[in-house]
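Next up, some structures in structure tokens.
Below, chain A partners chain B and then partners chain C, in two separate complexes.
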Partner chain A sequence: MTLLKVEDLKVHFPIRGGFFRTVVDHVRAVDGVSFELEEGETYGLVGESGSGKSTTGKAIVKLNKVTSGKILFEGQDIANYSSRQIKPYRRDIQMIFQDPYSSLNPKKRVLDIIAEPLRNFERHSPGEEKKIIQDYLDKVGLSPDSIYKYPHEFSGGQRQRIGIARSLTLKPKLIIADEPVSALDVSVQAQVLNFLQDLQEEFKLTYLFVGHDLGVIRHMCDRMGVMYRGRLVEEGTSKEIYNNPQHIYTKRLIAAIPDLEPSVREEKAIARQKVSEEYEQSYSKYFDEKGRAYDLKPISTTHRVALP
Partner chain B sequence: MGMNVETVTTAPPKEISPSGMKVIWREIRKDRMAMISLVVLGIVLIAVYSAALFIDKDAVARVDVFSIYMDPSSAYWLGTDYGGRDVFKQLIIGTRNSFSISLGITVLTALIGLSAGLIAGYFGGWTDNIIMRVIDFVITLPQMMFIIVLVTIIPKFTVTTFILIMTLFLWTGKARLIRSKVLSERELDYVHASQTLGTPHWKIILYHILPNVSSLIIVNFTLNLAGNIGLETALTFLGFGLPESTPSLGTLIAYATNPEVLEYRWWIWLPASVMILILMLSINFIGQALKRAGDARQRRG
Partner chain C sequence: MFLYKYYTNINENELIETFFTKLLKSSQKLYKLKLNYQKIIYFIEKVVIKLGGTSMEKPIIQIENLTTSFRIKDHYHAAVDNVSFSVNENEIVAVVGESGCGKSALALSIMQLHSKDRTKMEGAINFKGKNLLPLNEAQLNKVRGKEMGMIFQEPLTALNPLMMVGKQIEENLDYHTKLSKEQKKTRTLELLSQVGIPYPELTYKQYPHELSGGMRQRVMISIAIACNPDLIIADEPTTALDVTIQAQILDLLKSIQQKTQMGIILITHDLSVVAEVADKIVVMYAGQVVETGTVREILKNPLHPYTKSLLHSIPSAITDKSRLHVIEGIVPSIAKMDRVGCRFKERISWIPEEAHEHSPELHEVETGHWVRCTCYQHFHFQDEKGEMITHDIT
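The block that comes next holds the complex of A and B.
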């Protein structure tokens, strides 16, 4: 069943300038993106910095105003809902933020941080509430005694777990994870990622997983979309994208993944060189005269590529 | 006793972290000048406010032609002025008035500035635009001229009217200061998180953003408190503040415009001047300590 369907989503930010601070142009952060999430799957959005991945995720949780397009959650178009209309959907769609340092209020105790969504939607006595919070803390692998501590008393990885616990308390259906591990140490990354996968099974979660690290995305996601300058240039299962990239940008992204094995390093460097040359030469073939990617065209039942 | 423990552990969680207050207290204790200032200020204020309760305000303001310009004596500790009024009692009432005015202005400007700044900064867009245009308008008004005109046309000029007039002009600076801090604060992910968690805007503003700008507010509040004492005194000294019927530190110092008083009757104006110095310095020292408490890199404690 389709849980989330994004149709031709556009998010444009006005650029103001001149004497009267009038709108002189727009940043087309997201410029016509469409994709679907099946219930229980993990969908990845990859792309370089500034390609509009976060903006797409934030538009779905209504942190960014949608310029045009549809966001269908369980068939309901929530793109233009007012903050009152969206309130019931807040329970179902949650977000894990990129930066575990700024996403927790430094003046709040862990108890108050994790209980915030609960207090907005449910009524519990302080005792019950404490018990629920401690359960979730236990689930994310933190000591139940930490409820009276402040965020600065935790490491980055632990903070991210607090953020994850907070997003779980309302038992959401969809979690948008905006580079949940990019601020973490490599040794902690795998731990948090595996843990997110365990939670997915336990809570039947659907993830929209945003990241710029193709390795992480491949590890996590069933399907993924590659974003470039606010547009999807290729979409398919992780295997398709990884083994059979069609768009020149995807190819370059994959060629850029560093390889740790010394034996293939040489080989890789040559391949990278080749892709780089191809990119220069055939750039105009893949983008229209304004440098905008074409609309996606299916090349198999699951694989779509932006070709003219 | 058992009941007591029970209520403590299940008390509703405090919204503002106690650690902030602890940091401030530790910083003041570490700073000897701030600690002395706190004690001095406390003693002066308690003494002045309680003594003022026992002084008949009308009697102090009443002219007594039989005791003009008396030297200090056991009856008049600091002598009398040209109207035969007791200077010491004027000093007590005056200090109370001056401090109350400063406190009143500071509290009111803080409330207005805080509300305007929080709302403008948090909501942005056209809300911000309207509030900022109002602020720009107030700032472009010729303040001094307005104050002088208002002082002249308002027949019964009192402490309250003075506070209100000054507040009218002084809230803008605070509003701008708070707004700029809130503008950067609302871009932080903890605010975004609260929004996606379904927390209403007013709760985000009051319980999430406000505690995070509180150190800025406290520092600004103390420094303004000192500044406003000086402002009141200066305006009154120039003749655009309180009338003599409402004694203040400014009216007492204004007696020094008479060269005869300035030279031969220092006991009329000097104590008031020293009082201003004590108040402003001690509040400033406390303010400096608070400022350091608000900035982790400068802390001593």
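The block that comes next holds the complex of A and C.
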């Protein structure tokens, strides 16, 4: 069943200037993006910084204003809902933020941090609330006594788990994870990723995974979309994207992944050089005169590429 | 490339030059050909460098038993504990480990950027045959920035937001060279184009916030190489960058290094970056070196449990969906660390106590491959069966 369907989503930010600070032009951060998320799957959005992947994620939680397009969540178009109308959906769509060091309020206790979304939607006595929070802390592998501690008393991985516990309290259906592990060490990263997989099974969650680390995305996602300059340039299952990249940008991205095998690094460097040359030469073939990627065209049932 | 050698190693060049004038005078034939000295010297140097790069090993920096302790409530705790390694000319040595393992503390110790009244440093840092530890601030300033450059992790915080990029590069030249204003500018523009900035003239006048992350990191690199240093310490140079930009920056570092024959200490937690560029690896855990060797050796045949665990926890693009290995527990804080016995003991609790040495030392298992503690012989992952690895320990 389709849980989320994004249709031709556009998020444009105005550039003001000139006389009376009128709108001169727009930054087309997201410029016509469409994809679908099945229930229980993990969809990855990859791209370099500035490609609009985070903006897409934020637009779905309505942290950004949507310029045009549809966001169908369980069949309802929530793109133009007012903040009052959107409120019930806020329960179902939650977000995990990138940097666990700056996304937790340093002045609040863990109890208050995790209970905040709960307090917005449900009424509980302090005793009940404490019990619920301790349950969730237990689930994310933190000691239930830590509710009276402050964020600075935890390590990076633990903090990210507090962030995850906060997003779980309302039993959401969709979680948007905006680079949840990019600020963490490999060992801690492994911990958080495993843990996100466990939670997915337990709560039947659907993830929209935004990131730039292709190793992580490949590990986590069933399907993925590659974004470049606010447009999707390729979409398909992780296998298709990694083994058979079609768009020149995807090829370049895949070629840039560092390999753990030092004996092939010279070959890889040469291959990378080749792809980068090909990228320079055939850029006009893959993008129109305005430098905009073409619309996605299916080349197999699951694999779609932006070709003219 | 050759010009660098001229600026820095005048003594060497003088020697070679006198040698060649004698040689030229003795052979009239060559004299008649009227060959340019410089051209001949250039070729000879090239040959010497080529030979030197492969057969002769010339250490630029030798760190011997370096211990850096920080004062916390009247007690000194060692964050870098008895670390020794060396970097040769034309070599990239990677220092890897989780955060809190003392990698950055080590980098700052080599540059001696820790505040003096809170830190105690012991051991020796022999940089080009001279120990840097006893030097005072003024003497150090002559070395830092000139012979030793540093690339910091976060270019946006390391660059001055109120200063034009070009001026920031010139600052280094101001301090260490006696170039005129015009010369400085030409050198700066040269540096900017060397690090692959497309419009050096334009970038010269820009401020850091106007540049993208990759461009800022390129500016950082150009500051570090401004005075043709012999050693560069790169503290997580690509952590804040995207994969494509990361690949570009790594390729850039590598090409600069090949041109100038300098040594690089690369501090990172990303083992795939290490595999991509480094020649030697130093794995640090809780302030100590736990394993060291060549990249090929360590990535193919990792021995210490910590190295193995780190390698297992990477979601590699090659392996398919499966569970990642998680290292139990966290890196101990320096104040609470148990300094006797194997420091990795708590995180591999399923390995019996007898497997660890009482006071773990580095053992050479193969030439150039050193491992701390004997626990690696008995180590197995929790879900695997134990199998004894035997090596002749010397």
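General observations
Here, the second predicted complex is superposed on the first by the 307 of 308 C-alpha atoms of A that agree within 3 Å, B and C clash if a C-alpha of one lies under 4 Å from a C-alpha of the other, contacts with A are read in each partner's own complex, and residues count from 1 in each chain.
By our rule, a contact is a pair of C-beta atoms (placed from the backbone, for glycine too) under 8 Å apart; a residue touches a chain by one contact, two chains touch by 3 or more.
As the structure is a computational prediction, the values presented were derived from the model and not from experiment.
Superposition model on chain A: chain B and chain C are shown accommodated side by side without a clash.
In the superposition on chain A, A:S263 contacts chain C only, with no contact to chain B.
In the superposed pair of complexes, A:F97 makes contact with chain B only, with no contact to chain C.
Of the two partner chains, chain C is the only one that A:G156 touches; chain B does not reach it. Legend: residue contacts after superposition of the two complexes on their common chain; A:K5 is shown touching neither chain B nor chain C.
In the superposition on chain A, A:L111 contacts chain B only, with no contact to chain C.
After overlaying the two complexes on the shared chain, residue contacts for A:G127 are found with chain B alone; chain C is out of touch. Our summary of the superposed model lists a minimum C-alpha distance of 14 Å between chain B and chain C. Interface of chain A with chain C (complex): residues 48-50, 155-157, 185-191, 193-194, 197, 212-216, 218-220, 242, 252-253, 255-263, 265, 268-269, 272.
Only residues 98-99, 212-213, 242-247, 250-251, 254, 269-273, 275-278, 295-296, 299, 309-311, 313-319, 321, 323-327, 330 of chain C touch chain A when the two sit together in their complex. Contact residues on chain A toward chain B in their complex (touch as defined above): 58, 61-63, 83, 87, 90-91, 93-95, 97-99, 102-109, 111-112, 115-117, 120-121, 126-127, 150, 163, 166, 170.
Considering their complex, residues 10, 12-13, 15-17, 19-20, 188-190, 192-201, 208, 211-212 of chain B touch chain A.
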